[in-house]
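Next come two complexes built around subunit A: one with subunit B, the other with subunit C.
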Partner chain A sequence: MESLINLIIFLLLLTLGYVFGRMAESRHYKSIRQREDELRSLLVMPKKVPPPQYALYESELVMGNVVISVDYFKTFVAGLRSIFGGRVGAYESLLDRARREAVLRMQEQAQAIGAEAVYNLKFETARIGQSAGQGLGSVEVLAYGTALLPPSVYSEMAPQA
Partner chain B sequence: MLISNMEVVPGKKIVKHLGLVQGSTVRAKHAGRDFMAGLKNIFGGELTGYTELLTESRDEAMERLSEQARAIGANAIVNVRFSTSSIAAGASEIFVYGTAVVVEDR
Partner chain C sequence: MNEHLPAGNPKPPEHINNRYENPLKDVALLIAGSLGIIVLATVLLAWSAAWIGPLIPYEWEVSLLQSDPDSTEGLSSHTTDAASSLNDSPTAIESELGRLLTRLTGSDALPIQVHYLADNDMPNAFATLGGHIFVTRGLLDSVESENGLAMVLAHEYAHVELRHPITLMLEQLSIGFALSMIGSDNLAQMVTQNTAMLTALSFSREMERDADELALERLDAYYGHTSGADEFFRSVGERYQHLGADSPWQQMFQTHPLTSERINTIQSATRIGTLTPLPDVLITQPDTSAAE
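Right after this comes the complex of A and B.
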């Protein structure tokens, strides 16, 4: 009897994780794609040194972070995967979402201060939460870079050549 | 205080290097947040509470970094890097470091 209840709870969690996890993921991807289209004009480069046309620009550090949690279904699927080996698609999409979201937040911050480009993009990924010891609980991704702001003083004084 | 993660600052000249400066902070979530995060581990999605917490701790670490730089007379910090580690269950350390410099307009 007790094992039956346990099985029912497990199946319930699995279904809940599958349904809500899928919903959350597709909603998130939709919003990511939409915002990526809007922010396409703001240049983000992982290059260390900006080209000479930015020589007069002001620079400022911008960053964006996000913590995304796994769902029960993903944990289960990844657990199965670790027996057979191979690609763990469940976690790939999780990290992909987190990275793109972090970059978007960084771009939003850069846009808010009026930047034209962000150079020297760096990523930082960390596992957090009480399950940090076992498996993947939730991941934090931080994206940061240097935003380049057009020199307001110069552009007001003389039109740029 | 000018903070940048590039090695050079466009339009500025580094006239003096003052060495490494750093700032760190260790933060823990309160039990209520941890409980909510446990629930979220079933349904998936963003953990807004944790995102905010980490943003706050990063701001504090940056504040300590610039305080240290100001104390040794720098007016900019270049080559800034972040690092995050879970040092215990429910607590994470945010560490930020960079090079304190004195810059001048070119």
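Right after this comes the complex of A and C.
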């Protein structure tokens, strides 16, 4: 009887994780694609040295930070995958979302301070809440880069700084 | 002089870093695969336990229990009151039961300690790791002759001789090992536990049949006949019918062959002879049971 109750609870958690996880994922991807289109003109590049046209620009650190929780369904699938090996697709899409969201937030910050481009894009990833048991944790993705601001914008900002 | 800059950021290609597909089919395959592996592993481990168990020297089994008296708990739910009687010096009843067993098994038999559970009304006897046989007062109540008691003792001795307790322990250890390999996943653990129990069930029934067979041979060799061998099972069967399906016996009979089946097996093998009366020490007094 007790194991039956456990089974029901487990299936409920699995279904909830699947339904809400899928809903959240498709909503998130829709939002990501839309905002990527909006911010397409704010260039983000991995290059270390800015091109000559930005020689007189000022630089500023910008970053975007995302924490996404793993749902029960994804944990279960990943647990099964740990037996057989292979691509953990459930986690791949989760991290893909986190990276793109982090870049978008960084771009939003760059846009807010009036930057024209972001150079030297870097990523950091950390796992948090892993000691919370059951392997249900969250993942943090940090994107950061050097925002390039036109000299006029920077001189306006300077007195406030 | 100026570098050419792109008009905008490139669109990240989908389906390379994120395979956006329905995971349900994948999950169904994974679950089916892991269940198959678990069932296979459990069957293999249980089978190897039945094979390895008898190869372990009996002295190891005895010393194993001495160093870890708690290890019997997993094998029988009756050991809560049994554990207390493990260290006591033998009573008159225990000595008499031990002598009866020695007469049955001969002098070169495995060293066995017989324990008497005076507080237990349930007609029952069981063998645990390390060569311990437990007999309840309810059992002495339910048998009418020495032959009936000898059958039960010989049956429990046959379990020890066939190394069933250590085989069970090995099965449990291997199942535990299989479980720990699955990891912390709830469903996987629960399903394995149930699958494992089902697998263990058929092994236990086979063990009971083997023990019955060996006990009958021993009874025949000692008394020259097997009359009275079914006394205990008959009285248990009557009691079981009387108590109905909710009785604690139901749990016992899930791992033991059906009582009627056992009675039939015993009766078909029975060679008629004169019953030996119980020694006086082993006849339970009705007033002591009434006082409780």
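Keep this in mind: the second predicted complex is superposed on the first by the 145 of 161 C-alpha atoms of A that agree within 3 Å, B and C clash if a C-alpha of one lies under 4 Å from a C-alpha of the other, contacts with A are read in each partner's own complex, and residues count from 1 in each chain.
Assume a contact is a pair of C-beta atoms (placed from the backbone, for glycine too) under 8 Å apart; a residue touches a chain by one contact, two chains touch by 3 or more.
As the structure is a prediction and not an experimental result, all values here were calculated from the model.
Chemist: For A:146, using the defined touch cut-off, is the partner it touches subunit B, subunit C, both, or neither? Pick first, second, both or neither.
Modeler: Touch status of A:146: first partner only.
Chemist: With both structures fitted on chain A, tell me whether subunit B or subunit C touches more of subunit A's residues.
Modeler: B
Chemist: So, does A:30 touch the first partner subunit B, the second partner subunit C, both, or neither?
Modeler: neither
Chemist: Just subunit B (first), just subunit C (second), both, or neither: which does A:60 touch?
Modeler: In the superposition, A:60 touches subunit B alone.
Chemist: Who does A:124 touch here: subunit B (first), subunit C (second), both, or neither?
Modeler: First partner only, subunit B.
Chemist: What is the contact status of A:17 with respect to subunit B (first) and subunit C (second): first, second, both, or neither?
Modeler: Once the two structures are laid over each other on A, A:17 reaches subunit B alone.
Chemist: Which of the residues in subunit B come into contact with subunit A in the complex?
Modeler: Counting only subunit B, the residues touching subunit A are 2-11, 34, 37-38, 40-48, 50-51, 54-55, 58, 80-86, 89-90, 92.
Chemist: Which stretch or stretches of subunit C touch subunit A in the complex?
Modeler: 1-3, 5-9, 11-12, 17-21, 23-24, 26-27, 30-31, 33-34, 37, 182-188, 190, 193-194
Chemist: Going by the contact rule at the top, pick out the subunit A residues touching subunit C in the complex.
Modeler: Against subunit C, subunit A makes touches at 3, 6-7, 10, 14, 18, 29, 36, 39-44, 51-53, 73, 76-77, 79-84, 87, 89-90, 92-93, 96-97, 100, 117, 134-135.
Chemist: Quick one: in the complex, what on subunit A touches subunit B?
Modeler: 13, 16-17, 20-21, 24-25, 28, 48-50, 54-61, 63, 65-72, 74-75, 101, 119-120, 122, 124, 126-133, 137-138, 140, 142, 144-146, 148, 151
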